[in-house]
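Here come two complexes built around subunit A, the first alongside subunit B, the second alongside subunit C.
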Partner chain A sequence: MADNNKKEIKKHYITRSESRKIAKENSRAIAGFEKQKKRKVRPEEYVTQMKDDKNIVEFEDLHTYFFSDSGTVKAVNGVTFSVPAGSTVGVVGESGCGKSVTSLSLMQLVQAPSGQIVSGSIRFRADMFKLDEKGKKIPVYEKYTDENGEEKIKLDEKGKPVIRKNGLGGNMYEMERQVVDIAKMPTEAMRSIRGREVAMIFQEPMTSLNPVFTIGNQLDEVGRLHIEGISKHQVKARSIEMLQLVGIADPEGVYKKYPHELSGGMRQRVMIAIALLCNPKLIVADEPTTALDVTIQAQILDLLRDIKGKINGSIMLITHDLGVVAEMADYVVVMYAGRVIEMGTAEDIFDNPLHPYTIGLQKSKPTVDKEADSLYCIPGFVPNPINMPNYCYFRDRCEKCMEKCSGEYPGLIKVSDTHSVSCYLYEGEEVKNG
Partner chain B sequence: MADNNIEVNTAEPVPATEREFLEVENLCKYFPVGFDFFGRPNKFLKAVDGVSFKLKKGKTLGIVGESGCGKTTMGRTLLRLYDITSGDVYFKGQNVSALKNREFDKLRPNMQMIFQDPYASLSPRLTVGEIIGEAARQHKIVEKSGYQDYVLEVMRMCGLQPHYFERYPHEFSGGQRQRICIARALALKPELVICDEPVSALDVSIQAQIINMLIELRKNLGLTYIFISHDLSVVKHISDEVGVMYLGTMVEYGSRDSIFNNTLHPYTKALFSAVPVPNPHVKMNRIILKGDIPSPVNPPSGCKFHTRCEKCMEICGRIAPNYKEVEEGHFCACHLYNTVEETEQLELKYEEERRLAEEKADELAKKQFWKKVTDKLHGAEKNNNVVSPEVEEKADSAVSEALADKENVKDVPKE
Partner chain C sequence: MAKYIIKRILLALLVLFGVSIILYFLLRMMPINYVMEKFLPQINQGNMTWEDLGRIMKLYGFDLVMFKDENGTMLGEVNNSFGSIFTGYWQWLWNFIRGDMGQSFKYNEPVNEIIASKMGVSFGISFVSLIFQVIIAIPLGIKCACNQYGKFDYITTVLFMTLTAFPSFFLGNMVIKWFAEDLGWFPSGRLDSGLGLTGIAGFGDMIWHLILPMFVLTILSIGSLMRYTRTNTLEVLNADYIRTARAKGLSEGKVVYKHVFRNTLIPLVTVLASTLPMLFGGAMITETIFNIDGIGKVAYDALKEGDIPLAMCYNMFIAMLTVIGTLLADLMYAVVDPRVKLSN
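This part shows the complex of A and B:
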């Protein structure tokens, strides 16, 4: 047994020289990425075109790595999927499969410097501000026609031109619809999108709200930052309106409270209110109900569905609960160890799952309306994220493993118009794009 | 201190042999949250408030409920990890709650617990072998010579490799840690194992592994489980009997089939309808509960669920429903299932109680009034009993009237 032990230990730990080597490589790689970020990027470099105009977001071959002290963790390793406008896309997978990192990459919130978007692109269709030659926003002025029938710009008492107000009470600027690549975007430009066009509901409402500021303060902050030219009392009115929208009974009271005075469900509602404050086009909900009870979960899911209709936006829902996905999502993306292994409409995935992992996942979940003597379980564990093998990551846990599985990682195979799977089992069943 | 809530058991004690494997009668656990000037508790959080059930050997009882409903506290109180406030726990006919600590220590190996969070419940400074074997050695379950073999045997039983013996908990994933926790509990050869949310911290694929292992161990070792979880599907899979808790009380209890197929209590119905089903074609008829679970420090009067109940009636806000057997072996605490006579009885009892309370209050007010009046008349200022302002006013006016009368009486002869 002692020999066995030593062997195991050798496998498990890295030597000092190895560790030093890794650290050196990491610092070099990180310095390269950081340098690239600091360089001035012209808008032409990140403005691109969508592949399909119906989509609001397209991920293409996204790679996000974490350069850790024990090796490079390929948290997101070639993810390709898209979110059609006006729909809900559910991203499912076990913990550590990279679903949260995918969403953080979309928000440009990956923990730098160790976490970096290495390659790939995230195309997002956004209403960007039109800029003049000096790089300033162009305001839209209030106009009127005088007696001679000429259009003139309205002036206030001090002789300054009056800027027209938009629906939220802020200044109106000239906008243009652009497709931007978030992976290549500089941080300053990202700030004008983040929160305004795409907003995120974070996982744990207790840790994501600041305990030393009131709820109202934290809501107002979003309004002040993203709605330019809005007055103080308008911000407050907007915050209270949002709190009312998410179904909080006493919005004025909650506005003055601190996060610790609220229950888990209320805190999650506040998080949703913060995310919705600027009417974003896309809401990224990262496990919005994991920390909540089933009864509260039902309330929150109902609310999300309701609000999606009201603001006419899209939702990217990240969760590990298949039940939640089945209920909410139009499209489902199944991830495993940093890769998409299967995607399709909800009906495709739940009625006709193809990948052995998806099948196993559905069989291993006990349900209230079915009875079974023993649950099916997928043998083994999720592989170590450092030094991933070159073959299919699921090979060692798969029941239907073939000889071919030891070869290269299988690409996504389109089985039907909406359904694709990454497994050699379905190689012959490919459907050509018609 | 809370005598009005606990009925005195006047029935003759049941002989030990006739008791079930585990019997819990009116178990209460109150946590003091408010203190008066002298440091005496005067405000309580009623985490568990009168829970009773019986469990046969080899069966599994599933406890479900929202967070904060007292599931975990109940489990811990059963093992006397918290002191029992009142009520009795009979384990194999022995009244556990009456035993002294040293006597109870001998019983502890028979009752074990698997804790909620596998990340927090393992000591980071002990090796896996030590974690599993420590208690077995302490309770002299194995000989010193056979210690390592015994621990390795337990580890093998729980699906842990022998070379994990000298490793530390941080080297393991959540599923493996949970296996270590289970091995630690089973190393003492227990008969009753309380599983406190053993799978809620784990991923779906690992969850299935652990649940299968628990079922396997139950079969092989003849264990009795109390399985605490908020995941209804898991509870349905593993349990023979199910108890549904709300705000510290058991609202429904029965065999698994009767609970899931013939749900009685409105809360249980709402709970079951809220579980998302992994099938996009099923459109659920949701009963969405409004608001959050009320604070157990200040629970609603009458039926604790009436603030969120769909089928709330007038009686629910005033009178607490009694916990009664609606069908054979299926208990429920709800006014919906009362017969007319039972409702009448409850009403009578309520009226009686209210009358008594009013009388008591009247008497108290009278006493205070006369005391105050006599005090004022005798000019005694040292009495600093706190009296309600109404009584104070009344007493003042009575005293002034009396004094005025006296003066009048005095004045008359002068003139």
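This part shows the complex of A and C:
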């Protein structure tokens, strides 16, 4: 008993020498990762190939850790899933299970310096600018055929070649469709993807807009940054067009307003407008409706669905609300304590949930058709993510826990073409197909 | 807006009234009085009687109480009973309202003229040092916040906080010792070399004399402003809208100097507006150490020697500047932060 107590104490408190050791190791690790993010690399180092060409994003064995003073927090611990082009993927799980960190990793926005992508890869298919030997973008010039039938570059009055305009009114450059590994990309290169190819909508519309700049200023900023050569007038027109697209009734008026003059729902619409401005291929929506009241939630979700069709992009929707996922998602990824425990199409997960955690989540959702005195709740809490043991993290809360569960962490088992689960209950039910 | 300002000004008058009562009573209760100190030697030598002094004091508006000690020697002191001070205060207030600030005992000139003539130099020194403070401390603070707990952060913080911790008389004297006496680069005080230089040469000469005091004033205040900037920048750096700015793809420089800085500016403006009294009020200790004939030194002498009208006027001047400074800070808030609307 006494021995047991000692162990218990050791688990919760760290001695001074231990804490010093942790701090030392942390600062070394962080320095290494920060250096890697700042280094200058040639694009070849982070350009890769997709495993499946249908996907727009593939996460593979992603590890994102927080080097905290009390130890390394493995917030994302080996996550593998993909987002097929043109689809909506819902990522669900309790608070603190790594959903947001996964999405922030995709944007390289994990709170540095303590938070770092440690290993794994995030492959993203992006339209990258083609660069010449000097590392400059190659413009596409306006051409015409003269009377001799020869193709010539059009010149303006000053004799300079005229650059062709793209659909958004900016200069056209030679583009190249590349698959880049965001986990290996330096921050410098990542910047041209952020806001242009992937855009993010955050959880808190109330605090996500800068309070001292007008809505117009914050929208125009994105246009001016990513659409090179666009005129002031065109930027404004584009911003107002976006405000209109997200269903703001008085776009010209809102353009001139400050964020505090708008309601939460309006601000979230503005956030969506900012995200849409450069026609991104992927929108990452991190709990976009959590902070809004129910009627506005429905409107925002409708808007997101609408827009996905309009820009022909994909959405990665992070939420803890199963109702939202059921309504929106084509594919569902269930996360628990930094790992994917079950994934499949929305039908798979809702009609045939396999993992005891997913089943528990489903049961704890309020329904109208069943009469119940109190809502089901999964016993216990998400475990402390520091020094996690190597067995199923859900073991201590699981109703169907078996002897085998004390063994190694179960791998993902494919129970159908689209549906996989990481639980010993389904060992042997694997489908094997090429 | 106009309504707000008028309301604030009326409130300020009330504050100044209260301040003037406290100031007058405090100054009168000081154990020193310029007139008395001036004539005491003559009484001690026997050239003058206490009765004579009493009549003179009456001219200056004081009551002299005479009494005998146990040896039977005649002694006198200023009547500091509540009633006497109160009458003195009424008189001062009545004159003040009519625009008569009184005559300095020491200089025999109207005090407002004295203050006006000495303010220029003090304002010049403080203003230049404030500009240097701002252009050094704010960028340093921002840089420290961006490299929180890095080498740069630790080094600058330790260095400037150490300098701030020095008392001004200590740093002033050390600077005089090193740069004026040992190295001989700069003069140790005063405003000019006394060569009667005019024009550009005269101006250059004055600047040369003022470099050390300005240096001391700047160095002493960088630390606190830098720390203040650092704390505020850190707070803003963790805000959600900074993450949004990064998610847009903005460069780190743009994020920091546009999105972060504009928000850091909000609390900074208040601090800067409240330095207004310091700007005009002079640096009492620094001016004294460098023997600069500015308003700070004049006020210091007036307090030391019991020149009550001058000390009173100086302190009221500072009080007024403080009140104006806070009003200005509130108005500036509305300018830099669109969320603040000034209304009643």
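Operating definition for what follows: the second predicted complex is superposed on the first by the 421 of 434 C-alpha atoms of A that agree within 3 Å, B and C clash if a C-alpha of one lies under 4 Å from a C-alpha of the other, contacts with A are read in each partner's own complex, and residues count from 1 in each chain.
By our rule, a contact is a pair of C-beta atoms (placed from the backbone, for glycine too) under 8 Å apart; a residue touches a chain by one contact, two chains touch by 3 or more.
The shown structure was predicted, so the numbers you read here are calculated from the model rather than taken from an experiment.
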**Report entry** Which of subunit B and subunit C A:I22 touches, first, second, both or neither
**Finding:** neither
Query raised in the report: Looking at the overlay, does A:H226 come into contact with subunit B only (first), subunit C only (second), both, or neither?
Result: second
Report task. Decide which partner touches more residues of subunit A, taking subunit B and subunit C as the two options. Result -> B
Report task. Could you look at A:V235 and tell me whether it touches subunit B, subunit C, both or neither (first, second, both, neither)? Result -> neither
Query raised in the report: Looking at the overlay, does A:V334 come into contact with subunit B only (first), subunit C only (second), both, or neither?
Result: neither
Report task. Quick one: classify A:R196 as touching subunit B (first), subunit C (second), both or neither. Result -> second
Query raised in the report: Where does A:L106 make contact in the superposed view: on subunit B (first), on subunit C (second), on both, or on neither?
Result: neither
Query raised in the report: When the two structures are overlaid on chain A, which partner does A:M343 contact: first (subunit B), second (subunit C), both, or neither?
Result: neither
Query raised in the report: If you stack the two complexes on chain A, which partner ends up touching A:V180: first (subunit B), second (subunit C), both, or neither?
Result: neither
Query raised in the report: What residues on subunit A does subunit C touch that subunit B touches too?
Result: none
Query - Complex interface listing, subunit A residues touching subunit B - result: 1, 4-5, 8, 12, 94-95, 249, 263-266, 293-299, 301-302, 320-327, 346-347, 350-351, 360-362, 364-369, 372, 374-378, 381-382
**Report entry** For the subunit C and subunit A complex, residues of the former touching the latter
**Finding:** 239-241, 243-252, 259, 262-263, 266, 336-339
Report summary line: The residues of subunit B that touch subunit A in their complex are 66-67, 162-163, 166, 171, 173, 175-176, 203-209, 211-212, 215, 230, 232-234, 236-237, 260, 270-282, 284, 286, 288-289, 291-293
Report task. Could you pull out which subunit A residues touch subunit C in their complex? Result -> 107, 109, 187, 191-196, 199-200, 202, 204, 207-213, 221-222, 225-226, 258, 260, 271, 274
